[in-house]
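Please read the structure below before turning to the comments.
As written, the chains take the letters A, B, C and D, and residue 1 is the first residue of each chain.
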């Protein structure tokens, strides 16, 4: 069936990440990946199954349950000439490694007056509604975003995931990448079978529109796109902008979109308070105040520890309906 | 390995010997139903079954008082039950129901119950080592004579926090018992791939009393635990106990195809040769403590109780979504 | 000299904190304080010198250098009937204890369906310009503020420090209190020699004004007050509002002030991005948009790892002059 | 305690014996000037002096190659100098000058220097254990034969991270040497109040080769370090070395009144009886390696060098404020 070969190739979000890692490991022997059960098990999420067959246990490395230990080891290895990727499984475990990430990796280049570099990638996950309860469901990307010296990647599509991950591996700075757990299998999309990178710090307009800008990150891009469809049906044209990285941050693309539409909602899956939406809403109103029709609005995860019960957990994450209702109200339609 | 228990098992009173059996069977039956609920897609999320390891929770908790403390792990159902939790409220919690121990907010990995001294299961490997040590500290400071037990898998030996707590506990002579349930695997990795040196040497590092014993022999677990718990209660300091054991099922209920990380033969060996319930049942019969009929009755009663508990939970309502932002602050 | 006795009693910020702790320890035997070198040394900052003489080494407890270890111990002790205060010395070390604070202490009440309580106070410090470089100078209060289940206190005056600290000790929830290092000795003020508490979640108008609202926290309150004086000289009346706690947050007082003045600058010593100022600016524009004269503006610590050299470090913290210049520009005067 | 060194000191070549002396004196003189700069209010912030502990940094670093790695601590000047740093660029850094090793951005606690394999001092107690282990990992993976040394005070035994790294290092047989400088105090607290059990047992916990030796005898330090460094270089695995030592001055330059935490007599005993420079100088004379005139000349030359270095630093400009946001990202 030769037609199939020319059809657009679709991968899941998880497959795109695996391909990015495999390509970078083929390209550069200094790249290794370590974490708990990453080798034969291919991670808890089974995203890397098969990689160990190609690269061996010397490069896909099972570690003890020592997230701080192997992240610190990754920092030193990065300084000494390697390009390690460390995998901490659940993003909630960031709390255990924060000293190594934010006091060490983030500051070494600066503290050494620019002499040492830390080309380290830290893989973390994010996302609720897996019924994993309060310690396995958080989206903590706001924390590293607050720390100068780190770069933070929050891809939303398979295409972006591959290009951004490859860029992260080639970075000479520590990068934390947040992979959305539910998206691993659920989100599919076109991913070219070739070597491309997406530079960190370039936002992407996922959908053009004229009435309102929905700035959304990671999982919330799908929610925003869903809401945009619903809005279209009531005659509202929503633009969906995905910053793709929280740092560096492509302020210009965000601000220009809002200047055009005059309305803005920022949507993120992290805790609502003192997080991503605060920063983005704040800078939008700073830079586009006089173009705004009304205040920039925000939707984040409810400010509660994430509950286990489905009846409770589901209401903690922003939904298409919520975005739709708010956008509609803002557009007076 | 300790021989204290095996040498003088008869020191354990008959009703206790029977209770050890009953409690193990209760956990086994509970967990089988959890697996079943999962398979029937009635349980949200996942659960980590304790089947195969029952002798440890039971042997240790039967040596504790109700007002003693425990902290538990992701694989925590056995500890909670052994410490006295009710199956119905536990099933309700596992299904995310309002009637559950935590009103459905905690789920499988966070069952907690002040009434039985259960400070809570914990989804962070090693994450409860400080909590248990702190409860022991409070007991000492408040001049109570409560002991705290910190259950953890051998995988937690990878977490630095554990060593900080071992040091603090020993330095301050706190009444805390660190119970290492060594089932040989950290998820899908054999513990020898993650653990340098001897496990017991990790306690020696802090000059802490320690003992390694057979986790499939409930009488031995009970005897060893009793010894160190009473020692701690008297103010003579903490201890580190390693029990060798095995989990029969997967790391969690969804871990079905396991051949890539451990041989089927190994599983079979433990299940058929080293099952703590079979072994203890046989011992009870061999030593004339109970006959098959008595044991069968124990099981039958528990089956009825567990089935009723499941039914209660299944028929119980979910919490109203409006409850989501209650209980954030006291 | 009987007149002196009736004179207003002044304490330093550090003395006020010591008095709060001493009073609460006298009142409640379940209160203990633990940390590194807190006993005979009275902490690295010498703030608690003398307490051990009154309360003994059983209640003012020197620990090993195990911040995560003794914080975790504090969590368990709090659950088991005590009211511990743990002292982690430099706020930068929060990075080491975050799992115990944010995955454990913050969530235990919720995860247990309200059954267990964690009445734990975590003392941390904040503040730069002590020439302590990147790992000993950070103001990380944004991190715990992002986590539901925690309360976060950032006192600015000796009076507030005493009343808020005492309230924190009486809380049934985990509270992180950020004490400003430079303020320990430098900031003085009236502190009543009596038992009073300031409830968490009540902002304080430190200075009334009509033209512009300066929302400032911790050390920045002094900076804002200094700027307000300078502004007065050019005919601008600045109101200075201190939230005093980032969570719970007294949104109403903040918003009402801005509705009155129509202009607002938020000033904080934490890193500029994804921090305190983003949240506060964001909610001000949300709730007072149509009363605003222009965008809410923000001043935070420069988004760089904190440098050692005085010539560099001094420019990283917002100054009176910066606040003055920005406010003046916003008021067109 | 090891006796390897004391038994066969003569195995160390003469020029090395003299160099050990010279390097210790250099550190001593450097630190005296740091204290002086602080007292004269020329140095911003604080510094932690290495005086009294010189034999460790020197004994260990003289057993290393230039391309070997070290990580250091808040008390790091000695390690940096011993590994080959230039005093002038170090003083410049301590004063926050543009010419400093880190352009004034790091200061006393963060001196780093790729040219001498110095991965950096660290202001987080125990914070560099991972960095050193990681450098050793890279050396092994990249099939280099570089060794990494992690210097830390005994206070770092309180940090869980250290145990995670000991486990990883031993498990993966990494060429890293953990050097515990046990000067008896964690800031203002005697280490016996913070440390349960035997320090060497902390290494035994992971089955790691270890040795405890006299940190005031530079030849012993050199011999012990050489042995384990070469062992690591050959791929035979990591080691944990404890050296007993003492800091003569306060925890930092501002810690003047110390009687509340340690007796003056104890300080005097170490200063007068166990000074590593005096002891080694005497040994050199006793064994005919050098006479007083040679040693005096070493000192005089170093004084000249150090004074010039201070002058360079004092007269050097501060970085322009505009540089503040350079070097955040590579």
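In the analysis below, a contact is a pair of C-beta atoms (placed from the backbone, for glycine too) under 8 Å apart; a residue touches a chain by one contact, two chains touch by 3 or more.
Bear in mind that the values here come from a model prediction, so they are computed numbers and not experimental data.
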Problem - More contacts between chains, A-D or A-B - result: A-D
Exercise for the section: Look at all chain centres (mean of CA atoms) and spot the one farthest from the centre of subunit B. Expected result: D
Handout entry: Rounded Å distance between subunit A and subunit B, as computed from the means of their C-alpha atoms
Key = 37
Completion exercise
So, in whole Å, the Cα centroid of subunit B is separated from that of subunit C by 41
Practice task
Can you check how far apart subunit B and subunit D are, centre to centre, with Cα atoms defining each centre and the answer in Å?
Solution key: 46
Completion exercise
For subunit B, residue numbers touching 2 or more other chains are 102, 104-106, 110, 122, 124, 127, 157-161, 164, 167, 171, 193-195, 328
Problem - Sites on subunit A at which at least two other chains make contact - result: 63-64, 66, 68-69, 92-93, 96, 99, 103, 110-111, 133-135, 148-149, 303-305, 307
Completion exercise
subunit D partner, complex, touching residues on subunit C are 36-37, 40-41, 44, 62-66, 68-69, 92-93, 96, 130-136, 302-305, 307-312, 314-316
Exercise for the section: Could you pull out which subunit B residues touch subunit D in their complex? Expected result: 157-164, 166-167, 170-171, 193-198, 201-202, 204-208
Handout entry: Interface residues, subunit C side, partner subunit A - complex
Key = 92-93, 95-96, 98-99, 101-103, 106-107, 110-111, 133-135, 142-143, 145-149, 246-247, 249, 270-271, 273-283, 285-287, 289-290, 292, 294-298, 303-305, 307
Practice task
Would you tell me which residues of subunit C are touching subunit B in their complex?
Solution key: 30, 32, 58, 63-64, 66, 68-82, 84, 99-100, 103-104, 108-117, 119, 148-149, 151, 172-173
Practice task
Could you pull out which subunit D residues touch subunit C in their complex?
Solution key: 44-46, 96-97, 102, 104-110, 122-127, 155-160, 186-189, 193-195, 260-261, 318-321, 323-325, 328
